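Chain naming follows the written order as A, B and C, and within any one chain the residues start at number 1.
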Amino acid sequence: MSIILKTEKLRVEFTSGELRQTTKVALGSLDLEVNVGEVFGFLGPNGAGKTTAINVLLGFVPPTRGAAYLFGIDVRQPIARQRIGYLPEMTYYYKFLTAEELLRFYARIFGLPRAEADKRIDQLLKLVELEQARKRSIKSYSKGMQQRVGLAQALINNPDLLILDEPTSGLDPLGRMKVREIIQRLKNEGKTVFFSSHELGEVETVCDRVAIINQGELKATGRVSDLVAQHQANLEKAFLDIIGYQTQSAS
Amino acid sequence: MKASPYLVLAFVLMVCFTLATGIEPRASTWSNRTKSNNVFSMLFGDGRRLFANQFFTMADVYFHSGYYPSIFDLREEGTKEIVAATHGQAENEEQEKKEDFLGKPKDWIDRFGRHFHITEHTHLEHGNEREILPWLRLAADMDPQKIETYTVGSFFMRMHLNQPREAEAFLREGLRNNPNSYEILFELGQLYDENDHDTGRARDVWQLALHKWSKDPEAVKDNKLFFEEITVHLAQLEREAGNWQQAINWFQAAQKVSPDPNALQQRIDEIKKKMAAQPSPTNSQPH
Amino acid sequence: MNTIWALAGVVIKEMYRRKDFYVLFVLTALITIAAGMVNFFDDPKIVRYVKDICMLLIWISALLIAIVTTARQIPAERESRTIFPLLAKPVTRGQFILGKFFGCWLATGIALLVFYVFFAIITGSREQYWPWLTYLQAIWLQWAMLAVVIALSLCGSIISAAPSSTTTICFIAVAGILLFGGHLNMVALHQSQPLQTIFYTIYFLIPHLEWFDIRDRVIYDWGLVNWLDCVLATLYAAAYTGLFLLLTWLGFRRKSLNT
């Protein structure tokens, strides 16, 4: 089984303050491996360092130490991002463009030929159910619609690896279900999905494997069923155990 | 092989420097605009003259304590009263009816409106004339070729504000910008004559003014009055100085263009009488 | 290259959909026409006055459009987080900067073209005279100058995050160079030795944007600038544009985009 996403002893520190005196360790030393075709849940409470790890994977934040690879290519090289799709934690897009123009713009960046781009745009707008709104500018969209535009842009290049940062946060139950459906569909197509979340219900149903981090440290990785078995509880209980919420239980 | 970006940076900086030194002498021929020391002329070019007229008008507005016919009321554009005042023609202002000043009310609305405006025809006096000076200063900056600005400014400074030296400096500035202006030279002569009582300098300057006037074919054609004015001034100057023969010569010159030669003849006769009683030592001709 | 044009296209779309530039254009048109009306009959040189005022407005408007549009680009991308999905695509930071640069430059060029067409129509209809080669040179040199200004603003927007402060600083710097850059050598002449060399160095190191101001040739119809000089000026502008873009890239390439 080949590895599609990998981090090695990844460490990220943030310096802040006037004189750069305070250092905040967002990630301690993270080792992760994600296999091709998996749906991988990246779990942790707020502030655990999930977004930071994803930002390193996308090259937004340079690692303080260690390295990260996508498709075996160092993330510092833009070509590593050719076959990925990314949905940021909070999505905003160019408000003055329409959904169609936005997708066409991203298609051009991937160098898709015109005919193929047209086909994909039609497909995606159908998938995220924005066909009626395709010629309206994004500033008139509701939050849910914007999230769906985000999903569509993440899929524009028909990526092999999807990186989603809390894709369901802020959505209503129907929206969450739709997102889960889409993830499931992608899995069936043989794509790899790497997504972060702190909502365990959705994780349980779609993930093959999960990693749990807390305060920048990796606490556990493995199949959902293994973790549940190990802690003799449901995932929620296991999660709380692992992040040390219940002091009396051993981990 | 990859060059360090800082090396590239240094290289580009060098290219910039080389190009700058190479182009600099050529660039000076591309445009005059930025070589000017005057910010206004750099920004507005000739467009600033439009403002110069405006500022000159503003000076006139201030002269009238605020109320002034708007551009739509201006019947006949020409000499502003502020200019007339410098030529001593505004002394009959008492007779100016306010209706004349603003024109007859055009309709009942206009008549009604005049209850709310300053319609009194007033002029600044007792040193308050200085209020107009900033406007003239601006007008001069905006349009250094507008002669009236200098003559009017100088007139108010030396006659009403007792600042002959400032007036002289302002006129000299005007001369630098308009070396051939006989009007400015004339005003400068008046300053030397009336304020400084320096006959010699006044004479020199006036003679130079006359010379400049004669070199300007347009002025010779259209501004004969100036010739009379300056010759009469010269004649009076010589009369005060006791150079009677020269005074007579100047009056005779003035007679040639004067609309009223008889009045001048009277003055000549007066001098001749005095000469007969007490002969003058000098007898040279004016040039 | 395709990526750069795609990025540039978005900037241009933004400019004409945001409509700031229409305001400036209408303002310029109104002021020019108003200037043409005032005192129209009692001044024979009125056409030249109007030309001068119109040209000044074009210069100010073009600078405003260039600086304001550019200074906003990168901070707005970060503020609205649109930069994240964008840079998650295979786009290098260098391409991103170049795309923004070309977008702003082309957008300003379009605005400039509109302004000059208006100018040509206003003056041409008065004078029945169309020195289009002179216009071409003027617009080209002005556009080349704006490339330097845009690169400078882009560089400024990397250093300071607030678009308003970038705009102000760039506008002051550019206005300072335009007004006084040409006099620095005169200042140098009056200094004593160590200062003199410093002033001369500064004089030759600042981008002489004022060289590109050939309004006089348009207004007084002086004829064309030597074409070789035009090429040299273009090279000069290109060198400074490259310099500022390089600085921008150096500042941006390692920048952490975590907010």
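The rule is simple: a contact is a pair of C-beta atoms (placed from the backbone, for glycine too) under 8 Å apart; a residue touches a chain by one contact, two chains touch by 3 or more.
None of these values were measured; they are calculated from a predicted model.
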Steps needed, at fewest, to go from chain A to chain B via touching chains: 2
Result of counting contacting C-beta pairs for A-C and B-C, higher pair: B-C
Closest chain to global C-alpha mean, per-chain Cα centroids: C
Rounded Å distance between chain A and chain B, as computed from the means of their C-alpha atoms: 79
Between chain C and chain A, distance of the C-alpha-averaged centres to the nearest whole Å: 41
Residue numbers on chain C that touch chain A, as the complex places them: 2-3, 5-7, 9-10, 13-14, 17-18, 80-82, 84-92, 254, 256-258
Contacting residues of chain A [partner chain C, same complex]: 14, 52, 55, 58-62, 78-79, 81-82, 84, 86-88, 90-97, 101, 105-106, 108-111, 137, 150, 153-154, 157, 163
Chain B partner contacts - residues on chain C that touch it in the complex: 35, 38-39, 42-43, 45, 48-53, 55-56, 178-179, 181-183, 204-205, 207-208, 210-211, 213-217, 219, 225-226, 229, 232-233, 235-236, 239-240, 242-243, 246-247, 249-250
Residues of chain B defined as touching chain C within the complex: 5-6, 8-9, 12-13, 15-17, 19-24, 26-27, 29-35, 37, 39, 42-50, 53, 71, 77
